[in-house]
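Two complexes follow with chain A in common, the first pairing it with chain B and the second with chain C.
And then the complex of A and B:
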């Protein structure tokens, strides 16, 4: 079993693992010839199934195993994230699967050059700020290449057998009632975090409870087929909501929908188009789901990747988010993270 | 009658803050030893595996310095100890920052009130601020015997020095929860490895902290004369504390050691300040050839070691000196017992709190702030909606709500930092 790759985009890889880490501590990582999959299945809450093209994070990529060149690993995300964070300033970084004392590990090798002049410390005492800065800059250009530091971060992992992961399947869901492109997640997160906080404080004050045992707040998310998204929260004491209008409802691709053109005509979203209005004032045409406020906050963590997000609403049933990684090269395999959230009943 | 009086410039007071921050990572209490010509702060950790000392030169470090110990002998001294936290709440950060409205000072005057005719013995710190404000702190102290660690530099054949700034960069790579640091040299590279002893198998393996190895070119050291292929293990926490302090002084750090299971010393100097740290080491004994026979016999060479405790040999010695505890016998390949002991030292490591963004109350998440994307933790910053209980009664009878989130977070101790009463309450009673 072999895996070795040089990391092409450390920043995206770090943001990805950091986002996943907010939902779970361990990820099932499936490495194969043409893609890398990260899957988080927490005991409770949102599942993430991420499928990445090799190129989106790795450059030189080498995988070998007896099982069709597929390697399944269980990886602690916190360790992986902090290891990757330490590589953000690196000149190059590579990762490989190895073994030490019979414990499998992912070894991240980082080559970095220090920004500090190693001999500067002697002379800077007492000298003025500008002199010090000049000295550093000079030394940097003259000796920069010599000072290569090699950092190795070893992340203990568990190798999973093909059998142990064969029982894991991506959730299946009925066709969504509404699909809509979300506004920048920074906006949504800012507002939903605030709503959640207010609701938890309100509940606490009302019943004299502490934050830990206060009833969990449920965010209500609704969208229609006329570019409207509504975020609201309801407690005994208040009812707040925020509405976005003018968003895009992407057209369905007939080749992707079961039954082609006919399938689209009978698609639930086509029926939803007939209801509701673009100003969001109508009571009709909304597909609604109820999500735990804290869980939603964790999901919003993916906003740091800055990708396009399409939300699919199955009314009173589930919400599925497709987060597309920013991709400069047209036509390449797109990398997508899929978040599955089931709706709470009212 | 003892006298200890000294005055500090704001920069020097800020340096004292840095020293106390560093020593507080070793022990809850800090010991102060004053002599005629210098003052030193020392700390010894609870397992006595790490000793830290910072000596300040009376003439260079202080604006004025006067110490007349009770003992008339030339090396008499005044010793006491107090809680690091108490002293830290007096020597706050940014004492030298003129922009800091609350903390900036003009000078700092310290005196010890230790007279039999007074009812109270106090360590008195006067912070003379701008605009004529003077804050006076009277701290209680305990008269103690101070233990100093002795270090035999003649036996420590291995030594190296390196810029603290570089080390500071290296420690940033280390995993948060690691306990030990292995220093190992081989073929022009020095490897600093932070690790934690193996935990049980199974799921636990995944919870093991990162193991980080930083390989540094020997040429990055200012000098390097040390035996290769020898594992010397110390505590990451101690190392981190030392490097962070050395980095505040922008000085270079020297290390001296002989072989694993014998003490290791880090030291550095800066403008009238001499800091030394003596740490117990563990390590792989098998890989290490036996130490070359020391040139000087052990007994006499001890007395030649530098350090504050060297000149006290003939005095009637108020403070009792003690050598570092004897090293644990190297039992097996990996001297696990001593290694565990190092790991045991109290873990009070605190991650630097993330710098709050300029407008933390902004409705939207800042695009560049990566940490802002983390899920909101409602326990950390409580946003409470409560009654306005402030003294501003302009609102009259109308009940008002106000978002008191920021007000509620003002720590209670800060309010106690105001000007200490300089008058008896009875004297100003007439005002009411």
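And then the complex of A and C:
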């Protein structure tokens, strides 16, 4: 079993692991010939199934194993994130699977080059007397000397057998009623965090509870097929909602939908298109889910990756977010993170 | 405006060009859970109270709003209401709302455009490309509408920013207190006007000993005004004195006194005692006074007044924008204490010996 790769984009990789870490402590990482999968299945809350193309994070990539070149690992995300953070300034970094005292680990080798330029400290065009004594040394240092620092971070991991992960499947869900492109996540996060805070303020004022034992706030998230997204929360003291208008509802691709053109005609979202309006004032045509405010805030942290996000609403049932990572190479396989959230009942 | 106006005769609707201004003013009285709101022809009056011994009042004048419509349902002409007025028109809508919720709502502004510091090409805003006429450019980003449709309906706050519209409906509750703390402006014992930041500094300084009560002493000393704040608590006591270099005292009875040069070197801009030979000493609960700290920090000037009964009024002048001022008022009921022995306290045994030494200086 071998795995070795040089990391192409350290900052993206760090942001990815950091945002996954906010939802769970351990990730199931599946490395194969053409893709890397990160999966988070917490006890409670949001599941993440991320499928990344190799070159979105790695450059030179080498994987070998007896089981069709697939390696399954359980990786502690906090350690991986902090190791990657220390590599942010690195000139190059590589990662490989190794073993030490029979413990499998991921070794992250970070190479940092810093050039030392002594001219800053002592002038080379200094007085003639000193030049005689140190002349040669200065000649050499005029070009600057480079110092290479190599740091290796070791992250203990567990190797998972193919059997132990064979029972894990991506959640299946009915066809969504509404799909919509979300506005920048930082924007939504700003508002939803404020809402969550408002709910705790209201709860405290109403029942004399402290923030800790206040009931968990349920955000209500709705969207329609006319470019509107609504975020709302209801407390005893108030009832607040923010409405975005003018968002995009992407067209379905007939080749991706079961039944092709016919499938689209019978798709729930086609029916939803007939209802509601683009100014968000109509009460009809909304698909609504209720989610935990704090959980939503954690999911929104993926916004730092800065990709496009498409939200699929199954009314009163589930919310699925597809986060597409920015890709420099047009037309190549896109890396996508899928978030599954189930709706609480009212 | 239009969609609010269409509905049959909302009692009140107003548009503010700056939610930030409203927030800054209302935050000064943001120490209570509920605020009582009274809508009148002249503006919105927000009042909060604490244990019936302290009261905070913030008046949002009509002029703070770009549009202000109040449909008085009563036939009788409404009486003008000033910041100090105790008069409450019976027919004016009065209700309570959750003040922290309102403050949080007003802060939603600016949250939604985190990119404004960056040039347009560096923003990762896929949804709304800005044009020359978008609301950011026109400076319309902080427009906020307030509305109150009918008695019993929620107070609505609508904030609009580019493509996002936030609607907040604040539940209105029955008013819980009807009367203000009585303060007789005709029977003042003391009036001091000074820079609010100096009062803030003094209170912050005194707070370090976590005192329980604050004693205010004002008198004439060698023909000069003397004003001191002393605090005493279980950890000890401390005193801050404000001494004016020269006398600027005028008897309050002499109305329309020409004010002396208010040069910045003077700590106390105005110092007036009803009886210049007497000494004014009153004690207040320190925690209560400290609740006005936010107002002290943002205000430019404060008017410290005490009436014959010892009720303290702090009126803060806050500059909301250049040349435009608003006022925030606080009133405090003093500790009861007997004539002659200003050190003795009625409800706790701590002896305030801070006041006594100063007496020898007289």
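Rule of thumb we're sticking to: the second predicted complex is superposed on the first by the 314 of 346 C-alpha atoms of A that agree within 3 Å, B and C clash if a C-alpha of one lies under 4 Å from a C-alpha of the other, contacts with A are read in each partner's own complex, and residues count from 1 in each chain.
Rule of thumb we're sticking to: contacts are C-beta pairs under 8 Å (C-beta built on N, C-alpha and C of every residue); 3 or more make two chains touch, one makes a residue touch a chain.
Computed from a prediction, not measured in an experiment: that's the story for all the values here.
When the two structures are aligned on the shared chain, A:247 is found in touch with chain C, with no touch to chain B. When both complexes are overlaid on chain A, the residue A:239 reaches chain C alone and has no touch with chain B. In the superposition on chain A, A:183 makes contact with chain C only, not with chain B. Applying the stated contact rule after C-alpha superposition, one finds that A:301 touches chain B and leaves chain C untouched. In the overlay built on the shared chain, the residue A:96 is in contact with neither chain B nor chain C. In the superposed model, A:317 makes contact with neither chain B nor chain C. By the touch criterion stated above, A:198 is placed in contact with chain B and with chain C alike.
In the superposition on chain A, no contact is made by A:273 with either chain B or chain C. Counting residues of chain A touched by each partner, chain B versus chain C, the larger count belongs to B. Contacts of chain A with chain B, set against its contacts with chain C after fitting on chain A, overlap at residues 186-187, 190-191, 194, 197-198, 201-202, 205.
The residues of chain B lying in touch with chain A in their complex are 162-166, 168-170, 172-173, 175-176, 189, 198, 203, 205-217, 219-222, 250-252, 270-271, 362-367, 370, 373-376, 378-379, 382-386.
By the touch criterion stated above, chain A contacts chain C in their complex at residues 181, 183-184, 186-187, 190-191, 194, 197-198, 201-202, 204-205, 235-248, 280, 306, 308. On the chain C side of its complex with chain A, the touching residues are 33-34, 97-98, 100-101, 104-105, 107-108, 111-115, 124-128, 154, 163-171. Against chain B, the residues of chain A that register as touching in their complex are 15, 18-19, 22, 26, 74-76, 79, 82-83, 86, 101, 103, 110, 114-122, 124-125, 146-158, 185-187, 189-191, 193-194, 196-198, 200-202, 205, 211-212, 294, 297-298, 300-304.
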